[in-house]
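Naming follows writing order (A, B and C), and every chain is counted from residue 1.
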Amino acid sequence: MDAPLVADYLRMRGVSRRGFLKFCASTASLMALPPMMIPQIARALETARRPSVIWLPFQECTGCTESITRAHGSTIEQLIFEAISLDYQHTLMAAAGEQSDDALHEAMKLNHGKYLLAVDGSIPLGNPGYSTISGISNIDMLQEAAAGAMAIVAIGSCAAFGGIPKANPNPTGAVSVADIIKDKPIVNISGCPPIPIVITGVLAQILTFGLAGLELDHLGRPKVFYGQSIHDRCYRRPFYERGQFAESFDDEGAKKGWCLYKLGCKGPTTYNACATVKWNNGTSFPIEAGHGCIGCAEPDFWDKGGFYNALSATEWGTPADVAIAGGAGIALGAVAGALARKHQNDAKATPETKP
Amino acid sequence: MSSISASIPVDAFEKRANELPHTGTSSLSPEEQVARAKEVILSNLDSRTAMELETCIHCGMCSEACHFYEATHEAKYTPIHKVHLVRSVYRRELSPLRWFNRLFTREITAQDLSDWQELLFNSCTECGRCDLMCPMGIQITSGIRIGRQALAAADLMPPELRALNDEQTRSNTLLGVGIDELQDAVSELATQGIVVPLDRPQADVLLLTTVSDLLLYRQSFAAIARILDKLDLSWTIRSDAFEASNFGVLSGSEDGQMLAAKRVTDAARACGAKLVIVPECGHAYPALRFDAPEQLNTPLPFEVMAISEFIGREIKAGRLKVKKIAGGKQVTYHDPCKLGRHGGVFEEPRDALAALGVELHEMESHGKTQYCCGGGGGVLMLSGSEELRRRTFDIKMRQVEGTHADSVVTSCDTCRMTFERGAKQVNWSLPVESLAELVAANLAD
Amino acid sequence: MNTATFLDLVRGPLFYWALMIMIAGILWRLSGLIYFRIKSRAAKPKCDDPVVAGLRTVALRSVPPHELVKNITFLLLTCYAWHIGWFATFLFFGAHLPLFKSVLGFVWPALPNSVVLVLAAMTLGILITLWIRRFYNPVLRLISNFDDHLSVFLVIAPLITGIAAFGHWSPFGMRYEGILAVHILSVELLMIWMPFGKIFHVVTSLIVRFRTGAAFSRRGVRA
């Protein structure tokens, strides 16, 4: 049985033509697509079939699922999301137990080669027993599901880069999807969690245009949301430029909303849309709330030298190390000096050196 | 007072100096030259010089202090470049980082030694002006001294200086000037009514004189004798050790240096002198006052003073009284490098001039920054330096003329000779006067 | 390796090793120098207090007598200007302070960014000019060596890369993490080279001035 056309589904739910076109326009602007593409979006959505989406959760905290269900924007967008056939999702699906297993296998069989595989959570390679679903290890499940997928969307920093489980010392041997699957296109939507509307926006883009128009950065993230750093769009940037920094979380500078660089903000090296799109329906984002960016959309953000250590602070060892280096230097110098003194004395002792 | 006219009789000093050899080569093989030079450099480097050699930042400012560079604008006369030989050996063989330095610093060769003879002897008077300039505080003259000693050990000192050092070491004479010439001078002074107490067994003050005084500037010798008599001091001059000049210092021969110094210190001890006075000679003063105790590693049991220093002290203390010179005499004072920058004798000559009532017009660079006359450090004796001396003398001339003084007063024979020769070369007519002679000619009754 | 991991490398193990090498190198070179024999001081000095004289020279050698430096006043001024500008940028630029805080445990107030940027640009201009001068001035051409050129390059590199990082330039299409990493790396290279070349004069120059001042004072001369 073919899935219904998205347009039919919308009409069924009472969305007018006008409302539908308004949605396409706002989607175009969100994705930074030119207005002339609006008819194309409309046509694509009208003729798109409800694609099958299979969502596999691995070593995750369910934060990404929580995030996507907070997606703001027009209700229509949520309808679009509902318009996909979410055939397998632990948190949201009604089925459980063996029935959910059956649902998974049936969806995979029915839509073989055409379904979109969404993954959140990292995959443990240390011992498959660390994370299983119905007794099947994450890696086995991933490889089986990936085989029939048209593309994979790694949602959240865990799936995209390994995330929190991968943090030093990585006891489970956690890795990202891209570390395992090499033969399918992978779109990374990183963040811990990613911004709700970023997840839905990317999915909407893939639904509308497939993977064709989606430009990815060197880490596989869509450039439209991950192309600029937080720093480049941060409203506190003028304070950085002028050198006005908050020195502690409750000092005058902090109260005046000065730059949080010295309090460890990783905005300059973090690429995400937080500074423009923000969180909670555009209410605020961490920096605006007075806490530095922790860089959660970047790989290994837990191991970048501490959330409260500024980018310019470094790992320099300990005073003990310095003492050892100093001691080694003094020892080498003493030896060099003693040998030089001996060389001088030998030269002095040589007879007949002066006329 | 000696004034310059177009024709000057060739004096005995000049005649004998012209007879010195002007060419010569080392008697050692190239390998031996390098080995000996290195031995000396290694032996003589001390803590201060080592640290200084580590600290040069190649800014080139020292060149701007050097009269040889200023007169010619030849980069090779940059003072720190003159020390390159010494620095290379240090960096390769003694520096704490020598294993690393060897990647960047090559070994010195016999050709280097030969090339550096010009830089260490012919174009450096060890005047020390570069020592004052260096922003790092490097005393380049220390490196120059070691460099000269190294070349001397390799038998590569300039032939004139080698000959003079040999003569002084062998026969305790210079340019043939020995006991005979001394006695001749003593007799001449006697005809002027000055009694020179020769070879007293005991005396408080031991006076020295120089080959240039005995051959050329006997009036300076006479002036000093008159002053010592006026002060009613118990003094003597010894025929076995009357020479203040130390050609070991000037040639770089450490043995020659020690021998010449020891002759004087032994004589001073023998007669129980409490004070040794160095006549109007530049290098002799630091050689005896500072270098000798360092080289002998023992303090001297007597004071050493330069005559200009002594005169100034005695005038200031009121023991030596002078008359004021009438007629508003305008002079400028040339501080000999070895008395001034190397000896700290600045105030005393000026006290003497003030007491004489002359109007002193200081040169733009005077006192510790004054320009070298260009003849010190043995350079006056080197035929190979004649052209250089002529060019550097220009600088001194302009400095003097800038004062609009009627004469230049100084207290060093080499400076005096350099001035006179330079003036003769360019037909400059400004008189050069000796401080001792000026004072002795105006003693109060 | 991508730029983010390159940044981790320079902020982490590379800085550690650069700091250790710098400390070991400085102490090696300095302690080796202590072992040299001090020249005999048997000559009676002409002054009472060589220590005071030494300290005088440490301070006043920076201001030589006018007649000595009248030909090089321009050089003196530019050298002061770039030293002051370089250290002001290094020590008083706001974004650098967390580094000092993490290594030393304390900090000091920063200069406004506008001031620091002007100083950094001035310093860069002067350094480049002086480096070019080192090639065409005959004296400098004769006495300069590899150390001189490497040292000035390593002093210029942090300035250029720092200005580029602050301004978020993208040379060769580099992302910000990349240019920041290159900047930190340039500082580390400077730290590593510092004990081995002429930049070591920051450690010895004051000692040398002191000793020379004391030595001159023993001869009765204020140098």
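To be clear about the criterion, contacts are C-beta pairs under 8 Å (C-beta built on N, C-alpha and C of every residue); 3 or more make two chains touch, one makes a residue touch a chain.
What you see is a predicted model; the values in this text were computed from it and never measured.
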Count the C-beta contact pairs for B-C and for A-B, then tell me which is higher.
B-C
Identity of the most central chain, Cα criterion
C
From subunit A, the most remote chain by mean C-alpha position:
B
Counting in whole Å, what is the centre-to-centre distance of subunit B and subunit C, each centre being its mean C-alpha position?
39
Length of the line joining the C-alpha centres of subunit A and subunit B, rounded to whole Å:
80
Quick check on subunit C: which residues sit in contact with 2+ other chains?
28-29, 31-34, 36-37
In subunit B, the residues touching two or more other chains are 45, 94-97
On subunit A, where are the residues touching two or more other chains?
332-333, 336-337, 340, 344
Touching subunit A in the complex: which residues of subunit B?
36, 38-40, 42-43, 45, 93-98, 149, 152-153, 155, 253-256
Of all residues in subunit C, those that touch subunit B in their complex
28-29, 31-34, 36-44, 46, 57-58, 61-62, 64-65, 67-69, 71-72, 75, 79, 137-148, 195-196, 198, 200-201, 204-205, 207-213, 215-216, 218-223
In their shared complex, at which residues does subunit A touch subunit B?
332-333, 336-337, 340, 343-344, 347-348, 350, 353-355
Would you mind writing out the residues of subunit B in touch with subunit C in their complex?
45-48, 50-52, 54-61, 63-65, 69, 73, 75-76, 78, 80-81, 84, 94-97, 100, 104, 129, 131-139, 286, 289-300, 340-345, 364-365, 368-369
Within their complex, state which residues of subunit C touch subunit A.
2, 4-5, 7-8, 11-13, 15-16, 19-21, 23-37, 93-99, 101-103, 110-114, 116, 168, 176-177, 180, 184
